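Labels run A, B and C following the written order; every chain starts at residue 1.
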Amino acid sequence: MFKAIVSADTLGDALDSVSVLVDECKIRLEEEGLTIRAVDPANVGMVDLTLDAAAFESYETDGGVIGVNLSRLEEFVGMADAGQLVQLELDEETRKLHIQIEGLEGTLALIDPDSIRQEPDLPDLDLPANVVVEGADIARAVKAADMVSDHIALGVDADEELFYVDAEGDTDDVHLELTREDLIDLTAGDARSLFSLDYLQDMNKAIPSDAEVTMELGEEFPVKLHFDIAEGNGQVTYMLAPRIQSD
Amino acid sequence: MFKAIVSADTLGDALDSVSVLVDECKIRLEEEGLTIRAVDPANVGMVDLTLDAAAFESYETDGGVIGVNLSRLEEFVGMADAGQLVQLELDEETRKLHIQIEGLEGTLALIDPDSIRQEPDLPDLDLPANVVVEGADIARAVKAADMVSDHIALGVDADEELFYVDAEGDTDDVHLELTREDLIDLTAGDARSLFSLDYLQDMNKAIPSDAEVTMELGEEFPVKLHFDIAEGNGQVTYMLAPRIQSD
Amino acid sequence: MFKAIVSADTLGDALDSVSVLVDECKIRLEEEGLTIRAVDPANVGMVDLTLDAAAFESYETDGGVIGVNLSRLEEFVGMADAGQLVQLELDEETRKLHIQIEGLEGTLALIDPDSIRQEPDLPDLDLPANVVVEGADIARAVKAADMVSDHIALGVDADEELFYVDAEGDTDDVHLELTREDLIDLTAGDARSLFSLDYLQDMNKAIPSDAEVTMELGEEFPVKLHFDIAEGNGQVTYMLAPRIQSD
């Protein structure tokens, strides 16, 4: 059993944070809320989303797992105007999801969860550096790096107490530094890892420009990005595997 | 003889309502105003437009028929800024249309009306159901149906006193209901017909979202849509032939 | 040595006026400011830009010539928000340009100036007619001509004291007249020349709609267009060669 009412904006933001990485996913229906964990086909980018019951106008379930085509579901949710509510109800028999938005009713066929890629474990890494930045700063870094390269290095200089971004192309390069004053918070520790820019660009699409994004960084380690959605009633964690340094 | 001055917005709206169905049309120049009737090449969608002399700043003609390439004429009219006036004058000798917009003069070659597809008769159907909706509701129904199917069913449930829209795809479907309270007006009578979504999407492009649209509906019958343009000094009627129910 | 600080908007406008014609150019660094002269590969359109030292927040150079890829440099400048400053510094040893924008540092490889097409001489023509129009009028003329033709005739009727634009297509044509009252200034003299519309469209992209554009015109002669940028601290001159009259 699953029956819930949620604002279209909240549900849309939550789904967007997953659909930047995968087309289909399992949604775990738990008493405390929804959770989605997914990894892209290349095993490079992972997402872990929780949308707490408190993010919903109403939320009832006795548990279960459903498989969804994210773009289809997002299209349905996109039929709502800003501020409109979306009512979701699982039909256990037909394995379809009923969706209602202000007089509009839709039925969305679900996908057999067993046919969807297995959910990843997001390892608990003890990373030495911790940086809290505005989403807009990540957007700027990604845009700058994209001018010159397909890769982006994220690092922390523990001595100088700064977070930096490096991108080196064949002839041109860019470098961005955010000092302790430019950052919302910084736990300094030496860190530098190289990442595929494509993935960070995709993740960036789902990060609100005014979000506080916590980045955990290490030396040649994955980066973890955490931010809240749904006014704090939802959490997104991205993990991105590093690339081997090319030099 | 034909000589007229009209606001670019009014003329543009009138032409748009025809150009969503056909590329070329005959314009009948009558004392009371312009009329255009046209049917798309597949004989599925028809339009009947009248633009009364009162919609013009000035309007003079002794009758006649001219053939125009709609996109060319729309391009000329599109040169005007919002609120600017367009002056039209037929040169009988050269069979060209002179167009003037604030210092800009253009000459548009007309098309031999005999080379243009014959004008259709829009049959006078006595349809049992009559629904008056806002243009925005048609837009929403069309958008929702497009998520799941190429067809759209429009119907009226006489007992429940409601207008409904159904679209059924291979796996997903949508259903929209507007009760008497959601509608501007309703003359209930059982009706349900299936239509090609493409045509309704095209017609919808010419329907202002705040227009009052009167829909006449029957059982497996064409639908007629009427709405005003030019602040009531122009009328558009669309007629769309039904598809055979696929089930 | 070259070191300068300039608003991103000013630098962007200056570069745009050149990049509509060529991909690469030489920038002459002079004590009084920057100058760029370039001609398109077909030798039809030329640009002469000066950006005075007064257009910069700070400007220091001991002279020299650098070669740049305009789209790369424009991308870097485009990283700045409106109103932000761009700091430029030439690294003589590496022949790279260092660019700084609010914490973002970039390095742009320069191009060997000898590998760039030679700078043209913009001949000093003594043209009989001189017209000063708003940029918006040029935009309108170009848009209107584009509806019917690939060519555009610009002319002055000395007797009537008016500037006119003609475009003739196979079946349709447009004609635009601006009288002395519609113009900012007019020095009448008979003039009429035919131009390729493509070039004028490209030049028009760099002309602000509220710019005062001085046009020098003759009979079957090139047209020269002059306008200011950087609040009068920069000047752009375009010269466009005429086409042989097709009739």
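Assume a contact is a pair of C-beta atoms (placed from the backbone, for glycine too) under 8 Å apart; a residue touches a chain by one contact, two chains touch by 3 or more.
All of these numbers come straight from a predicted model, not from anything done at the bench.
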item	value
Pairwise touch network: line, ring, star, complete, or other	complete
Turning angle required so that chain A lies on chain B, C-alpha fit (0 to 180°, nearest 5)	120
Same-residue or different-residue interface between chain A and chain C, half as cut-off	different
Euclidean distance of C-alpha centroids - chain A vs chain C, Å	45
Chain B residues counted as touching two or more neighbouring chains	none
Sites on chain C touched by chain B in the complex	140, 143-144, 147-148, 171-178, 182
Contact set on chain A toward chain B in their complex	72, 75-76, 79, 103-109
